[in-house]
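Every chain is named by a letter (A, B, C, D, E and F) in the order it is written, and numbering of its residues begins at 1.
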C-alpha cells in the first residue's frame, strides 16, 4: 500500500467516501486560485527549532502540492536565529535596537552568508526533494530590492525603496518556485539586511499576488493578546487597523499585521496569518472550508 | 462551515492531520500525470440508471478535479439504453445481432438524436456545472472518426478505419474538456453508429494518451468470471491476453479488455477498468496508493 | 473537362474573358473582407423543404468558398419544422403563444435532440463534404448563451442574458467553421430553447462580426409588405426603424429586422437579408457588384 | 452597378447561376493551393510591347487575386527589351553570343539600372495598385543569388551557384508579394546578369514551390514546333525530355522547358507554360477545369 | 596578426590597456542604444567623390558594427550627382528651381533608374560585404512614402504626405539593415522624386527612432557660417530654431537642421550632423565620450 | 570629456583613426560569436587577492561588454581561499588530500555559506553595477549538478554524474548573466563541494557552449613548465594530450587542461586559458587579432 505498489485488499467503501469527499472539498479552492501567485513568508524559527526536519519536510510538501495543482507559490524567508548562532560562533555578540539587528559591515557579511549559504539552500533543497523546481534567489539579484539605510544607528539594515519583481515573474512564468532571501542593495552595490516580513509584503504587492501568507509560531491574530480564546478566524483591514490603534496587539505581530493591511490596501486579495507549528497548515487553510488561522480581507 | 463561510470553532488538530495526509498522498500522482491526457469511457448505463443524477454529479466533479489539477481528461460516451428507449417511444423495436444494434437509416437518425441531443449535452452540462469548460463534440466533426460498415447485416454500424484527433488536441490545448459522442462518418458524409468502447481505445491511441479508463458496472476484471474474489487489482497485457484466450472472461468485458490491451500495445501507458457505481471511483483509483479497480500495464 | 482531367479542346477566348472578369469582379470584396467574421443565420425551413438536398449542398459550397478565400463564416441555425415533426411522431402536439413555441420539459428534450442530433450534424456534414472543417457547437457548450425564461407561459423558451463567444473565437482562430445550435443554459444547467434570429444577432455582436446575414424564404425587405416591387436593395438603420414604426412590415420579418438594426448599432458593420431559395445567393450577394438581397448599413 | 454602388434592377436569376457556378468551379483549386507558393516568371516583352499597360494591369490583378485567396505568389522578371533600348539611348550597341547578352562593366551597370530602376518598380507599383502588398527585391539582396561567370566571352553574365531564399521566405511569411529582379552577386560583391528563366526555376526549387509558371508570348509547348495544332495541354517530364532530345522544340522554348523539367525533378509539384498575351491567363489556367496552356507534371 | 592567424609575439601590456580602455569606453553607449533604431542619411556626394570606394567601405563597416552590437541602423540615401551624370549621358540638361531638381517624366525615369539601379545596390552590396544583411527598399514599396506634388513648376518632385513604415519595421524585426531609396508614390502609382534629407527625418519619426544622423560634407553646425571655430558640439532644438531665425545658417544646411528640429519635436531622441569625410565618423560620434560632430537634443 | 558631457575641443583626427580601427578590428569577432554561449571560470584567488576590487571591476566590465555586444556569458566560480579563511575564523583547520579539500559536514556548511553567501553575491553585484543583469545560481538549484562522492576519504567532495542545464538555458534565453556557484546535490538533497574547473567544463558541454575560458593566475600553457618563453599561444587537443602524457605540465594546470580537452572533444568549439591578472584580459583575447593567452582548438 505504498506509492509504488498496490495491495490486493480492497479499501473499504466507507473510507473511500471520506477520501473522495476531502478531495472534492478542495476542488473549488483549486479552481479559484489556479494560476494565482501566493507569497508565503517562512520564518527562520521554523527551520531552527526542534523537529525542524519534519516541519521543513511538511512545509516543502505543501509548497509542492500548491505548485502541482497550479498555484504559483513564492517563498520569502529570513534567518534570525541562524544569523545569531553564526555571529556567536565567530565571536560576535548580536545586538538589537528597537527589535532590529544592529548590522555593521562584518555582521552584514554574516547575514549574507547565512541567508544565502545556509537557510536558502535548505529550503530550495527540501522543496526540490518533493518534486517542485525550486530556485534560490537573493533580493540583490537583478536589483530586486533597492534599499536605503533604515536608521543610522542600525548600520546596514535597509528599508525597501523600490521593488523590481521582473526576475521572480520570469521564474513563475517558467513554472519555477522562487525562494527569496531578503537581502537588498543600493545603487553602489552595497548589501543591506531587510526585514523579511516587510519584504514579503512588498514583493506580494509588486507581484500583484492573490494571497500573502505569514507562517508564524502563534495560532493567529487575537483580539486580546492575553486571551487564547480571542483568536480571530476572519478579519477585515478595518478591524485590524482598529486593533493596531487599540494597543491590544502583541509586539511581534505588529509588523506582520501592518504588512497584511498594507498589502491588501495595495491590491493583494487576501492575507493569512498561520501557525507554522501545525503540520501542513498551508493545505488546511487553503483547501478546507473551515480553515485554521486568521484570514484577512479588504473591508 | 461552508465554502463561502468560516466557523469560529477550530477543527481538531487530529482531524487536520488526516485531511492533510490524504492530500499529500495524492501529490506524487498529481505531479506524475500533470499535463497528461486521460481518456475516460463513460457508459450510457450510468446516466440511465437509478440515482443517475447523483452518479453523474460525482463523475462530473471527478472530471473537474482532474482538470483542475492539470490532467487533460477526455470523456467518450455511448448511450445504448437511451437509444432503445427512444426507439420504443417512436414505435420501433430495437434488434441486436451478435450483441450489436442493427442500425437502419431511421435507427441511425435516432442514434444521432439521442447521443448528440440528449446524452452529450447532459454530460457537458454536468461538467460545466462543476467549473471545467466542457465542450461537446461528435465523432463526425472535422472527420474525427472515419468509418466503414462493420457487417452488412448491421446496417450503419461502423468500424473505425481512421482517427483524426486534431480537433480534440486543439480543445486540449485550449484547456477544454472534450466530451465525445461516438458517431462516425464516411467520405460521402453518411453517419455511422460506432461502439463506444472501441472508439475510446482508438482515440486514446491517436492522442497518445497516458491513461485509458473504462467506467463499467462491474468491480473490475476477474480471473474467473464466476468468482467475485478473483478480482485482479493489477494485470499485464500478457496476463489479459492469456485470460482472453482461456475463455474465462465474461462476454461484455471482452471488447473492453481487448481495447485496453490494444491501446497499451500502441503506446497508451496504462488502462483501468473501474466500477462506475462507486461514487468518485476515478479519484480513488488515480489519487490513492491502494486504488480500487483493475489497472493494466504493459508486460 | 472535370476537376481531375483536362481536355485537349481549347476553351474559346471569348468565354475565357467572361470567366476571368467574374473572378476579377470578386477581387475587391475578397480583399475587403479577408479575415473578417461573417455570421450566417440558416433557417430550418431551407433544410426541411423540397429540394432540400440541393439547397443544402449549394449553401455548404458557398460557406466553403467564403472559408477558402479567407472569410471567417459562422453558421447559426434553428430547426422549427423538424422539431414540430418529431413532436408529432412522439404524439405531442406543438403549440405556440405569440409566435413562440410553448416548451415544456419534454418539448425541451425534443428541441435538444432535433437541433443537436439532426439539424446540426446535417449542416456540419454538408460543409465538411465541401472541404471546410466545420464543427458543431451548442449554445450550451462552455456557457456560450446564458438564458433566462422569456415568459412564464412559454416554459423553457429562453431570452439571452449574456453571450460568451470565447469558444467560437477559438474555433475561428483555428480556421474552423463553427455551426451553432441555438440552445441556452442557466446557472443550474437547465437548457433553454432560444430564437435563432435573435441568437444570431447577439452572437454577431459578441464576435464583433463584420457582417450578419439572414437566409430567409423571401426576396428581402419590402417597403410595402404587399408590393413585390417595393423590395429595398439597400437600407439604413434609420430607414428600417421608421419602417418598423410604420407597421408596414410583415410579422415574420420583424425579429430579423430588429436584430439587424440592433446588431449594427452595437458594432456589426453590415447586415443582409437574402432569399435562401436562390442557389448560391451568398456568393451573388457578397462577390458581385449588383448583389441580390437587402443590405443594411448604419445611418 | 459599380464596386461602390448598387442598382435597384435585379440581376436575372439565370445570369446569377452562371456567376455562381464559375466561382464554385474555382473552389477546389483555391482549397488545394491555399498557402502554397507559386513562382511566376514574367517576361520583359510583355511590359515592353503594345498594349503593355492593359497587359500589365491584368497580370497585376491576377497576382492580387491569387494573393487574396491565399496563394503565395512570387514574381520573377528580367527586362531584355528595356535593357537594349537603354543601351542604344546611351550609344552602346547590344551584342549577343549564343543567345545571351555580352555584358561588360558598363552594360552591367545598365542592366542593374533598368531591372531595378525601371522594370521592377513598374511591376511593384502595378500590383500594389490592385491591393496586394508587393515589395521589390534584387537577387543581390541578402545574397539571394550567388553567381559565377557563365562564359569568359560573356563578361558579367552569371550562372547561379547557390540560392539563399531566406529573404523571400520572410516576405511570404509576412504576406507580401516578392517581385524579384534577376541579378546575382559573388563573394566580392560584383554584380552579375542572370537569365530570368533559369533564375525562376532555381528560386522555385529553393522555395519548395508548388507551381512554377512561365508567362511567354506563345500558346504553350507544341509537340511539333511548326504545327499550331500540336499544342500539348498536359505533358510529363518524361515526354518533355524526349521532346528536347528529338530536336523538335523551338530554340527560345528550350531554357523554359529545361527549367520546368529540372524544377519538377527537384520537388516542384507542377509547372505551366502560358500565353501571356491572353488577358487573365493565370486565372483561367489555375481556376478552371479546362485550363488554357501547357501543364507539366512529374512522370 | 590577421583575423585568421595569431602571432607568437605578445602584444605589450601597455598597448593592451589602451585597446581595452577604448572598448570599455564604448560600453555604456552600446548598452544605452541596444535595440534602438538609428536612421542614417547618407548623401550621394560621398559615393560619387574621389576615394569613394574607401569612404563607402568605412561607412559600411560602421553600419555593420552598429548592427553587430545590437543597434538597428536604417540607411536612407538620395543620389543627386549620379542622377545629373546620367541625365547628361542621356543628353538631358539638369535644371534646378529653388535648389530642387525640375523633374519631368523622363527625368523621373532616370531618377528611379539611378537610385534603385545604381546607388541603392552599391550601398546594399558594400554593407553585405561586411557581414550585415542589408536589403534594398524603395519608398514606393508597400506604399512607404505617399507623396503629393511639391510645386507645379517642379514636376514630379514630391512632398511626403504620409509614411507607412511597416515594411521597414518588419525588416528591423528580422535583423536586416534596410537601405531606403527616397522615391514616393501617389494613389495612382505615379512615382515621385523625394528630398532625401526630408525623407530621412520623416522616416525616423515614423519609426520612433532613437537617433537621426546626417552624414554631410561639412564638419557640423556653425553658430556663424563664416567662422570655422564656431562649430557647435552640442545644441538644443531651441538654439537651432533661434539660429535658423537669425539667418546665420548656410543654405545647404537649412533642410538638415529643420529636419533635425522637427524630428526631435515629434519624438526622436537625438539628432547628429556629422562630417562624412572623416573615416568611421559614425563610430567616433556614437562610441566615444568626446564625439566629433554636432549633437542636437530636445530643449 | 566624460560619459555624461562633451568638450568643445575636437579630438585630433589621428587619434580618431586609432579609436575607430580598434573597434573595427573587433567587428568580425563580434559577428562571429553573437548569440553564442561563453562559459568563463573565475577563480576565487582573483577576488581574494590584493587589488581584488580593481580586478573584479575590470572583469565585471568585460562580462558586461560581452553581454552588451550579444554574447551569452556564463560565469562559474569556486572560492577556495575564502573557504579556508572562514574555516580558520571558525576554529577549523583546512586539510587537503591529493589537492582536494577534505569536506566533513561542518566544512560542507561553510563551503555553502562562503560560495553562496560571500563569493557569489560579490560577483553578481559587480556585474550588475556595470549594467548586465547578473543572477546568482547554485549548482543545487533545480538539480543542476547531480553529484556522487568522489572518494570516501574526502567526505562531501562530489563528482558530477549528471548536468541539467535547463535553468541556465532559461536565464540565457531571458538575456540574464548566470553566475554559478559550484555546489552539487544527490537524490537525497545532500550538498556536495564540486571542483569549479571541472564543473565549468561539464556545464560548457551541457550548454553546447562556443567557448570555455579559464581565468587563472598564470600566463597560459607552457610547453615546458619551467620555461616562461615556452608559452603556447595556440594549441590543439592532440598537442595538449601529448603534453599531459609527457609530465611536463604543472600540477595546478592539469585539471584545467584536461577539462579543456574533454570539453572540446564533446562539442565545445574553443577553449582559452588566460592570465586573470591582466586587466581586461577577456576583451584582449576575444576582440583582438593577436590575443594574449593560450587558445585551444580541436585537432
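Remarks
The criterion applied here is as follows: a residue touches a chain if its C-beta (ideal position, glycine included) is under 8 Å from a C-beta of that chain, and two chains touch if they have at least 3 such contacts.
The model shown is predicted, which means the values in this text are computed figures rather than measured ones.
Chains making contact with chain A as well as with chain F: none in this assembly. Least step count on the touch graph, chain B to chain D: 2. Contact with both chain C and chain D is made by no chain of the assembly. When chain centres are set by their Cα atoms, the one at the greatest distance from chain A is D. Think of it this way: of A-B, C-D or D-E, only one pair shares over half of the A-F contact pairs by residue number, and it is D-E. Centroid distances from chain B, each centroid being the mean of CA atoms, peak for E. With each centre defined as the average position of its C-alpha atoms, the distance from chain E to chain F rounds to 42 Å. Chain C and chain E have CA centres that are 56 Å apart. We define each chain's centre as the mean of its Cα atoms; on that basis chain A and chain D are separated by 68 Å. With chains as nodes and touching pairs as edges, the resulting graph is a single ring in which every chain has exactly two contacts. Traced around the ring of touching chains, beginning at chain B and stepping first to chain C, the chains run B, C, D, E, F, A. For chain A in complex with chain B, the touching residues are 1-3, 5-11, 13, 16-17, 19-24, 26-28, 30-31, 34, 58, 61, 64-65, 68-70, 130-131, 231, 233-234, 278-280, 283-284, 287-292, 295. Contact residues on chain E toward chain D in their complex (touch as defined above): 86, 89-90, 109, 112-118, 120-121, 124-126, 128-129, 133-138, 140-143, 167, 170, 174, 176, 183, 185, 188-189, 191.
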